Every structure is written in C-alpha cells, then in structure tokens.
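Letters A, B, C, D, E and F name the chains as they come in the text, with residue numbers starting at 1 for each one.
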Amino acid sequence: MRLLVVNPNTTPSMTRTIGAAARAVAAPGTEIVAVEPSMGPASIEGVYDGALAVPGLLQTIAAQPADGIVIACFDDTGLDAARSAAAVPVVGIGEAAYHVASLVSDRFTVITTLSRSVPVIERNLAVTGLRSRCARVRASDIPVLALEEPGSDARRRISDMVARALQEDGADGIVLGCAGMADFAAELSRAHGVPVIDGVAAAVKLIESLLALGLSTSKAGIWARPLAKPYQGSLAAFSPRS
Amino acid sequence: MRLLVVNPNTTPSMTRTIGAAARAVAAPGTEIVAVEPSMGPASIEGVYDGALAVPGLLQTIAAQPADGIVIACFDDTGLDAARSAAAVPVVGIGEAAYHVASLVSDRFTVITTLSRSVPVIERNLAVTGLRSRCARVRASDIPVLALEEPGSDARRRISDMVARALQEDGADGIVLGCAGMADFAAELSRAHGVPVIDGVAAAVKLIESLLALGLSTSKAGIWARPLAKPYQGSLAAFSPRS
Amino acid sequence: MRLLVVNPNTTPSMTRTIGAAARAVAAPGTEIVAVEPSMGPASIEGVYDGALAVPGLLQTIAAQPADGIVIACFDDTGLDAARSAAAVPVVGIGEAAYHVASLVSDRFTVITTLSRSVPVIERNLAVTGLRSRCARVRASDIPVLALEEPGSDARRRISDMVARALQEDGADGIVLGCAGMADFAAELSRAHGVPVIDGVAAAVKLIESLLALGLSTSKAGIWARPLAKPYQGSLAAFSPRS
Amino acid sequence: MRLLVVNPNTTPSMTRTIGAAARAVAAPGTEIVAVEPSMGPASIEGVYDGALAVPGLLQTIAAQPADGIVIACFDDTGLDAARSAAAVPVVGIGEAAYHVASLVSDRFTVITTLSRSVPVIERNLAVTGLRSRCARVRASDIPVLALEEPGSDARRRISDMVARALQEDGADGIVLGCAGMADFAAELSRAHGVPVIDGVAAAVKLIESLLALGLSTSKAGIWARPLAKPYQGSLAAFSPRS
Amino acid sequence: MRLLVVNPNTTPSMTRTIGAAARAVAAPGTEIVAVEPSMGPASIEGVYDGALAVPGLLQTIAAQPADGIVIACFDDTGLDAARSAAAVPVVGIGEAAYHVASLVSDRFTVITTLSRSVPVIERNLAVTGLRSRCARVRASDIPVLALEEPGSDARRRISDMVARALQEDGADGIVLGCAGMADFAAELSRAHGVPVIDGVAAAVKLIESLLALGLSTSKAGIWARPLAKPYQGSLAAFSPRS
Amino acid sequence: MRLLVVNPNTTPSMTRTIGAAARAVAAPGTEIVAVEPSMGPASIEGVYDGALAVPGLLQTIAAQPADGIVIACFDDTGLDAARSAAAVPVVGIGEAAYHVASLVSDRFTVITTLSRSVPVIERNLAVTGLRSRCARVRASDIPVLALEEPGSDARRRISDMVARALQEDGADGIVLGCAGMADFAAELSRAHGVPVIDGVAAAVKLIESLLALGLSTSKAGIWARPLAKPYQGSLAAFSPRS
C-alpha cells in the first residue's frame, strides 16, 4: 500500500519531519512517500498562501501513483479540489485530528501557531461538522522554528497553554494544530494526563482504515470528477480530460 | 492486540454475524473476541431495551481483558458508561460509521430498520457533532430477519431506498444503520456507485487506529472514572472501587 | 392524584429531602409518594452511576401505581426509558427546571456540584432544546454534604457563584442543579434579586399541569411502548409483555 | 388567585371563547378574568396587526389588578413588553404550548391558520429555544369562522392535516396554533392517538405553576422595568414613572 | 429619490444628528427627509419603549411620501410592521450595520450603550442570520449625553472597549450600536486600524442600493400587506384598507 | 471610481455579459472594468475548477489598479485570498446576492445550474452566516447555453422552478445563482410577484456602498496581509513582498 503524504508547501525540511511522523505510526505494509510541490509558497500562513499552494498540491498528486493521499497541512489546504481530482481516498491532517480527537475527548481545544489561522480552523471545523466538539481554538503565536531551538522556552509555553485550555476552556483533550509540535505530543499527554492528538499520525491511520474498508471518495456530490474543458495559460496542464 | 467486540443484546447468532464482519476487516495482529452479555434484552429496539442492555454490556466489559472495545449496536448503547468504566479505548459502531462516512461522503443518509430508532440516531448524531453531515435518517421498516430469507424482496427494497436517498435527500453516501444489512454493503455500493458504510467494520479500523496512536479515552471530563461508592441489591457487583 | 417522585439513587435520606421539597409545593389534591430503588448506586455522580441507576428506577416505577412520575435527579437519569415504559406522564427535574426558568428568565446559569456533570447537563439542555437559553453551566465543586454542615462556608460560596453568574455570564436567572441546594433557593433569590429555580418544585408543578390538561407521553415516536421480547439473566423480570 | 387572560384583539366573542377554555382547566382557587383591549385591531393576522395590538394590550394589563397574566394570542404578541411592564409573571399561549408539548412529544408539528403566520411562529420558536423540537409549522388556510359552521368540512380538513403531520413530518405530537381549534383538541387526540396541545389551557397551568412556585419575571435582563421618561402625544399615558 | 429617515423616538435633537449622518453619505440625487413621530417615547431603552414607539413610527411612515425608508434605531424597532405596511423598501440601521460589517469584517463586536439592549441586539442578529458573524455584543453603560460633554472621558472609555473587543473577543471589526457614537467612527477606525461601522450611514447606502436595483420588500411571506379590518379606539386611524 | 469586475474564468464572452450587467446598475461616477484572467479554467463547474481559477484571479487583481473589486462567480471563488491580497474592498456576487436578498425577502431560494454546485453554495451560505435565511438551494440542471438559444424551453423551466420554490419551499424571494440567468430577473419578478436577485448587480451596489462609506477589508483577522516569503516555480511571481 503506497501512501502519498503531501506537504503542500515547498520546504523539504518540513516534508522530512512530516514523513518521519507518518512512518512512525504506519502499518507494516504501508509505504510512506512524503513529497512537496515544486511550485508555490515556502510555508502556508493564512488564506493567500493557502490558495496558492493548491496548484502545486494538485500537480504533485497527479504525478504520483498512490493508493491513498494525506494532505499534511493543518488548514486542510486544497482538500476539496484534491478529493475531486483523485481517484483514491484523500484525508487532511486537520479533519483527521478532529475525528480522532472526538473518539477519545468529549471537548478538545486546538492549539495552533498563528492568530490568523484561528478563523480558518474554525471554518474547517464547521465544514467537518465537529465545531461543537471543539472548546476553543487557541493561537500560541510561538514561531515554529523556536520549537526546535535548544534553550528556547517554547515547549514550556505550549505546556502552559495546554494547562490553561484544560482549566479555562473545559477541554478534556488537546489537538496540536502545527506539525512542528508533533514530536512532543506524547510528552504533553503524560504531563497533563489527557489525550494529545497530532494530525499527521491521525491521518495516516484514517487513510489506512479507508483503504482496508475499500472505501473511496464519493463522486456523486461536491467531489464529482472535474468536467473536461480547456484551461488557459500556464495552468493548461491542469485541464481535466474526459 | 485483543479487541473485544460486544454485541449488547443477548442473542448469540447476532454475535456471530458481528464477529464475522469484524474479522473480515481486522488487521493481521488483531484478535477479535465477539461476545454478548448473559443478561438483558434479546434485541435492542428503542430506548427501554437500550437502557436495560447497559448493565449486561458493562458486566461483559469488566469480565474480559482487552486492548480496545467495540460496542456493536448502531444506537451506541451504553457508550458513555463504557468509556467511563473502561481503561482502554471504546468505539461505538454508530459513531464509527458517521466519522468514516464523513471522510468519503459530504452528506450521507442513514438507513435504519425501525421508525422508533430514527430519533435515537438523530440525537446520537447531534452528540457526535456530525448531524449537519447527515442528509436524513430513514427507516426501512423491514424486519431484520427478512433480510436473510430466501425469496424475500427485502434486498430490493433496501436498494430502492438507497436510490431514493441519493435522489431526494441529496446524499452522496449511505450509512447502513443495521448489522443485518452489513453483508450487502459492497453490493449496494457497486449498484449505486456511492460509498456504503457498515459500522462494525468502521469501528474495528478506528479502534485499531486509536491503539496504534497510543490514544485512550480522556478521564478529565464526562468519561471520568466512576467514584468509589456502594451499590445496592442485585447490582452490588457493579460498585466502583477506589 | 398520586404522584410518584423517584429518587433514582438508593439513599433514603435524599429521598426524604426530595419528598419534603415536593410536598412543599404540591397542590391540595396531590399525594406525593417519594421513593428510592432497592438496587443501584448510592448517589449519581457521572455517566456510569447514571446508567446503572436506570434498572432500579424502572423497577420502582413498575411497582408503584401512580398518576404521574417525577424523576428526581438533575441529570434526568433514565428519562427516555421511563417515558417508554410508563403509561402515565413523566417529568425530569432537570428539564422541568429549564422549562420553568425559560418563562421567567431570558438567559439562566445552571449551578451544579461536580465538574463531570457539566457536559451531561449541556447534552440534556441540547436534547431539551433550551441550550440557547442557558448562559453557562457552572460547577461549584462543593460537596453536597458541606451544604448542610453548621459553620460551613458552602452557602456563602454558592452565593458568590450566583453573583459571578449574573456579572460574567450575562444571566438574569439561576437554576440550582443539585437537590441539596433546594432549600436556600428563596434566600438566594432575595439576596440577588433574580429568580432562582429548584427542579423538584418545578417538576411537581409541571406534572400536575400535564395531568390537569389530560396529556400524557406520546407513544408515536421515540417513547413508543417496548416491544414484547425475552430478557435474560437477572434482568428477566424487566421483559416487556405484549 | 386572580388570573388576567388578555385577548389582544378587540373582538369580545373571541374573548369569551378564550375565557371558557381557560376556565375549563383552571384550578379551584383560580379566578379567570378574560378581557380584550378597547383599542387596536379586531383580529391579529400578521406583523402589522401584531404591532398595533400591543398598546391596547399594555393598557389593559395596566388597568387590571392581577396575580398573573396570560397573553391569549398564539403569536405571543407583546410578550416582551408585557413582561417588562408587569410586576407579575406573564405567559404567552404560544410559548406555553411549545413548553408543554416538549414534555409529552419529542417532535411536534404546529398547525396554524394563515400562511403569513408561519414565519412569525418559527421566529418565536427560535426565541423560545424550542425550534429543534418542532418538526414543522403548517398553515391550514382554513378561515377561523369555518371551524364553527355547521356542515363545514373544516374539521375533517384539520384532521387530515394532523394525519399528514404524523406521516410526513415525523411528528409524534400536535400543537394547535389557533384558539378557534381549541375545543376539538381532545377529539383530534383520540382520533390520532397522539397528544394535541391547546395553548390557552397550557398557559393557564403554567402561570398557576409559576405563582405556586413564587417565581416572577426577572428584571435583571431584557425584561428590566421601563426607565422613567416622557411619552408624547396620544401615548402620553403610557409614560413610565420612576 | 426621496429617502425617509425615521427616528422612532420623539426627540428632535436626535433626529437632527441622524439626519446629518445620513446626509453625509447620501448620493447626489438622494434627498434625506429626517423626521420623528409626534407620539411615543422620548428615547428607546428596552422592549417596552420599543413596542410603544411603533405606532408613531407607522403613523410617520404613512404620512410621508418616500421612495425608501430607513428606521434609525439600532434595535430595528418596528421593522417588520413597517415592511408590511410600506409599499417601498425599508431598512433598519441595526441590520444594515450587520450586513455591511460582514463584507469587511469576518467577526465583529457590537458596542451598544445599555446592558438591557444586549439581548435585544442578540435576538435581532439571530433573526437577521448574522449572529455567527458577531463575536460579542458589549454594553458600554456610558450615558449617550456624556459622549457630547466637553471634558468627558466617554470617548476614551469607548476606545478602551474597542481595544478589549479586538483583544478578548477575537473581533476584527466594530459595529457602533448607538447613534450618539456615529461621529467618531472614523477616529476609532484610524486609532485601532479596523473597520468601524455606523448603522445610519450603512442603511442609507443599502436603501439606495435596493432602489437602484429596483427591489422592494416581498409581500409573499411575513411582510404581506395587512388585511383590511376595523381597528378600535384611538388606533382606529391605523385600520388597513383593502 | 474604478471598479474591477473580475470574471474568474477565461471565457471573454462571459466577461462581456457580466460587464453589461454591472454597467446597467453602476452609479454615474463608477467606471466598470470587466476582465478575465489569462490563465485557468474556461468555466467554473465545481471545486477543482474553482481552486485552479484562483491564481488567475489573483494575478488579474494584482495587475489592475482599482478602487474596489467584484468577483463575478456565484461560488465566490477565491474571495478570501483576494481579500487578503487586495488593499481595496472586495465583494463576491454570491454573498452580495444573499445580503441584498435578506433585505427584501425573509426566506429565499437559490436557483443554480449544476447539482454539484449545491453543496458549494450551502457552505458559502454557512460562512456568510445567512444559511438560515435560505429556504433551499435548487439546481436547474439546464445548460447555461440553453438559456440563450432561440426556441429553447429553458426560460419556461426556470420559471416553473421559481413557482415550485414559492410553493414547496415557503420562499418569498429568489436568488439567481447563475450569471446566464441575470437578464431575465426582472421578467421572473414580474411573473411571480416576488423579488428576484441577480448577484452581479447586487455586488456592484454593495461595493459602491463600501467605497462611499470609506470602509475596506479588515486586516486584523483572517484577511491579514500575506507575510513576505519566497514562492517557488511558476508561481514565484505571486510571492508576497514585505
């Protein structure tokens, strides 16, 4: 089973981190192919970057044979377009985290990085349907890179935010809304005694589940196959064929 | 990995059917232990049966060592109490079906058997959060046993109901809300060209996923461990210990 | 008119308190029969206790002739099963408090005891439909027994919580989510100048109202009569007859 | 206990009908004073009539000593203003019907007369909070007077509409949204085997309940006492005094 | 194009302020006719004043030829009745502010004066449909007149409230819920760097838009023309003619 | 005032139609510049086309000086990204139609062309907040070109759908969810006696209103300015500058 894990930004170091997180939980028979597009933004911080990450994401998906696809951006960038284009199932790491969290937590708080991502995540929660399960979306406003720096107090600050979420939001679980936080999910869970969910790992298990169940994206509704038509200019290669 | 699949009614033939459906999708390392309680109703048809199935369900769970638990009634009978009592993760086949359906279908219709189950399922959808993803809950009012009878037109009638769901409800996926329908999910999916989800199979993959992710039920909220206290009369054995 | 007020836990002292609260508001022609089950938990603190209180509650109801039934636990334990089983109207003290509060308060805060009860009450509010009328559900985390102790500061702490609810939640009314608080509803109301609603009293008046109106539980939907079928083991006596 | 039942239109024959319905369910100690205003519309059919019925309603309330007030128009005309003005509790027959219906019916259909009243009732349901409990609001478009005419088929047509509500809407209870239908509620209930709720009767029992509980309208929120200020012109007499 | 801007209270100085705000944004061809009723409350503070302002408002509308009507009270007093009565389009300044705010702000906070207006505004937001776009409704509890006083700290206090709304509510826009604040909208917008919306100006542009589009109030639903019928007493002049 | 009306597909004939509709309602001082991108899909039919229309849309916006921008696709394609990128206000024709409809219709039905657009529109309504004002989204499944063909019965079929919307959906207004239908809005309105709203015209008036009010997109939330960063490959020119 070949699983395409697409980092929708163009930064290879992030792809490597995501790939490692995916491989850490993949089943024995699952081959993880972690890739990033060759065009688009170096990181996705807000709706402009998000929209311009989609062509690269779709190009990457079209170029790679796969049994299933994970979109490894917590904003679930391009999820609908990818579902429409692909013949195989597609899962976003944001929605994966919300679904998995809902099985172990009655009310979870999402901790993301940038404030501007909060309304994006709230909309995604509403589309997914699980907004009522989310106590609050909090932004840490800690730069992703600070999480890696030796001597940084970033981890302590994230841990403080988890404590506040449990106390102030009435949350009983935490969703980490940033790939850079993934590797201390286990540590946070031990420290605070509640489930802490990382989206990449959740998405790998959900896509494996869909494949084991023989299920793929419905083409009878919003994710119907693109209709054949010409595309102009530098996007001509994206033109859907009948 | 030992997975307890509890049929919360006392009819062993249903346990066998459920166990077979679970084994059909279980991963190589998963041992499926399908059991039913020794006390309680012979079938669960409505809220009275549902409430009285819970003690047997909890007794069964307490008696069996397991790494994870599936509650195999589409009404998700006793799910909260089981999550509170168990130290391992618990998934209901109803919620499992809704979560999995949401990954491949934008709007799904649930087809259940009895009319009186419709409001129960609608409430469960609301608690899960996925009510907005459900186009409609339909009752077939076909007796479960008729599904098995040679010469019965039950299968054709279910298929007709799927067709109506796609046409009238705007659904692009189907959730089968009855274990007895599980074995023709694949046939219905082929005939109608949309994903058709069976809850038992979905729940097995989700509980395997939780275990692979090292996640279990939060004890910091509604599913907190029962507080130690005396229980009277014939339920004394259920008394929680500190 | 004989009104059965069932305390669904097995502690007779609580039954006496509840019975007194009921009698204090009952109409002249209403006979209050306050009872507790002979099986089940000594108190209901969370979903596990709640589920295991239901058989005792149903047994008690079946054993007692009555014109109407009040379930005297603020979690509305077993309300659906009781409505299905009983031929007479049934009202829970939680829902009674929400309905009555809505007639005198635009937005009320519920003050309950244990934190783990908060999500239970929020779900019940959602099922009832009146969640939008509830500003917030607060937990006092004051042990019920402390409310009775001479020299305890419990009353002052509850009163402080009422003040915070009016100030911070924008509430203009208070629902007391604990039978132990019932006898100082009037005192709190005088002190804070807003309606303070006790569920036992509210339920008695609502069930009297239903009886005066000649109304009883609809059997055409979720509360349909249980279908006849065998029950196994120690629950065999609960088997519905045709 | 003196209960003021205000028909907010100026037609005395309707007041007599309403008064009779109120007296039929009033408790022994309840004196029903049914009145109509001396100014305003002869009937309330839509939002214009509704707005212009309020001054007459408020004048009537101000002129009559009472322990409690029922507003006997299914649109709950002037309910907020009356609650703000009155020192005693006030209940509208629309909201009373929704609250009482919710205690015996999981999902009710409202049957009103005019199509233009449907959105008014839907808004009132939303304000009350009970919109999720209402399956549908249907308009019979049968003139109120036809209900009384000998030889009219109006009753049969209402009964047909009840049958459709149970079948098509999934309702298990009926609320009659028109005072003119009140006297065949019992007949419809017997014929269809579901609870049929009349708002006048429901409101009388709820206001009696509030009075027995010692509860009155909160003045800490939307229903705060009017602030003292001058009123101009022909409405000068309505000027609130400090 | 003659635009009637009705101040629904009887205080001419407020009418002048409103008229000036309207003229400041009116298109060249728009004539602003700012008027107040000759009957009713001197100011609208809560639901009682609001209800008794409607007859004067309707009288004023009926007396003045106009191509479009603005109701210049932030509570949208009498909006439905005015839409039913008038043959021309009608816009309330509250709803106008919410619609316009939604085009430039993802989540806005409303700042009003009196606490008792908060629930009125929240209901109006729900009827309009835009409650999900509103982060919070805050009351400044600053007397309107203080805003005008030289040396008053009222402006600084409003500005502090804007700052708190942006920080605590996650708002990215502000709606001023009081005509008295209108003239420092621009100043607040500059100081805080977010859009600040005044309802009078918004309503003038929206009604001009409707007129340019040739659109007027639908008479097929809740705003249907009043049916002809007698009105009694001092309101007889309001009687709708066929 | 220079208003950029962007047709986000690459078909110039559609741009001409849209430009004509915009000019028909523009104020005297408004210059309408109707353009289409040089890259992307020839038409937007579903989420894949929609996502790939965004780069061309953003390129077009960046290349053209303007005081305000209208996105002339009923799906509101790229609206968030455009708001983030542009320094001037941006309005989508879908949201414009919903807001304007809400001022003249209590409950409107949207009539679009393709079935696969229905869920897209429903999500947009939810984001806008006005989903509760929409009675139903209907798909005509009439090819856009058929609307222009002499002898086609397309107009009659749209008219029939309007009639069904008024009858079956309880709608009192119609939103035309397809630019190709714009020119018979007036005819449909006359025939059915209800407001019929075209999005292009609505958007022009709303953007003119924002400009007259001096309002532009908040940069304090989801539409914050893109952060400076490198973009790779053929999208490098989109890289935001600091």
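We adopt the following convention: contacts are C-beta pairs under 8 Å (C-beta built on N, C-alpha and C of every residue); 3 or more make two chains touch, one makes a residue touch a chain.
The structure displayed is predicted, hence computed values, not measured ones.
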Set of chains adjacent to chain A and to chain F: B, E
Interchain centroid distance [CA atoms averaged], chain B/chain C, Å: 30
Whole-Å gap separating chain C and chain F, where each centre is the average of the chain's CA atoms: 52
Separation of chain C from chain E, taking each centre as the mean of its C-alpha atoms, in whole Å: 43
Touching two or more other chains - residue numbers and ranges from chain A: 106-107, 119, 170, 221-223
Topology of the chain contact graph, where touching chains are joined (line, ring, star, complete, other): other
Which chain pairs touch, all of them: A-B, A-C, A-E, A-F, B-C, B-D, B-F, C-D, C-E, D-E, D-F, E-F
Touching residues on chain D, where the partner in the complex is chain E: 10, 37-43, 45-52, 54-56, 58, 78, 80-81, 83-85, 116, 119-120, 123, 126-127, 221-224, 226-227, 229-236, 238-240
Residues of chain B that touch chain F when the two form their complex: 106-107, 170
Residues of chain A defined as touching chain B within the complex: 25, 27, 89, 91, 95, 99-100, 102-107, 128-133, 166, 170-173, 186, 193-195, 197, 201-202, 205-206, 208-210, 212-223
Parts of chain B lying in touch with chain D, wherever the complex brings them together: 118-119
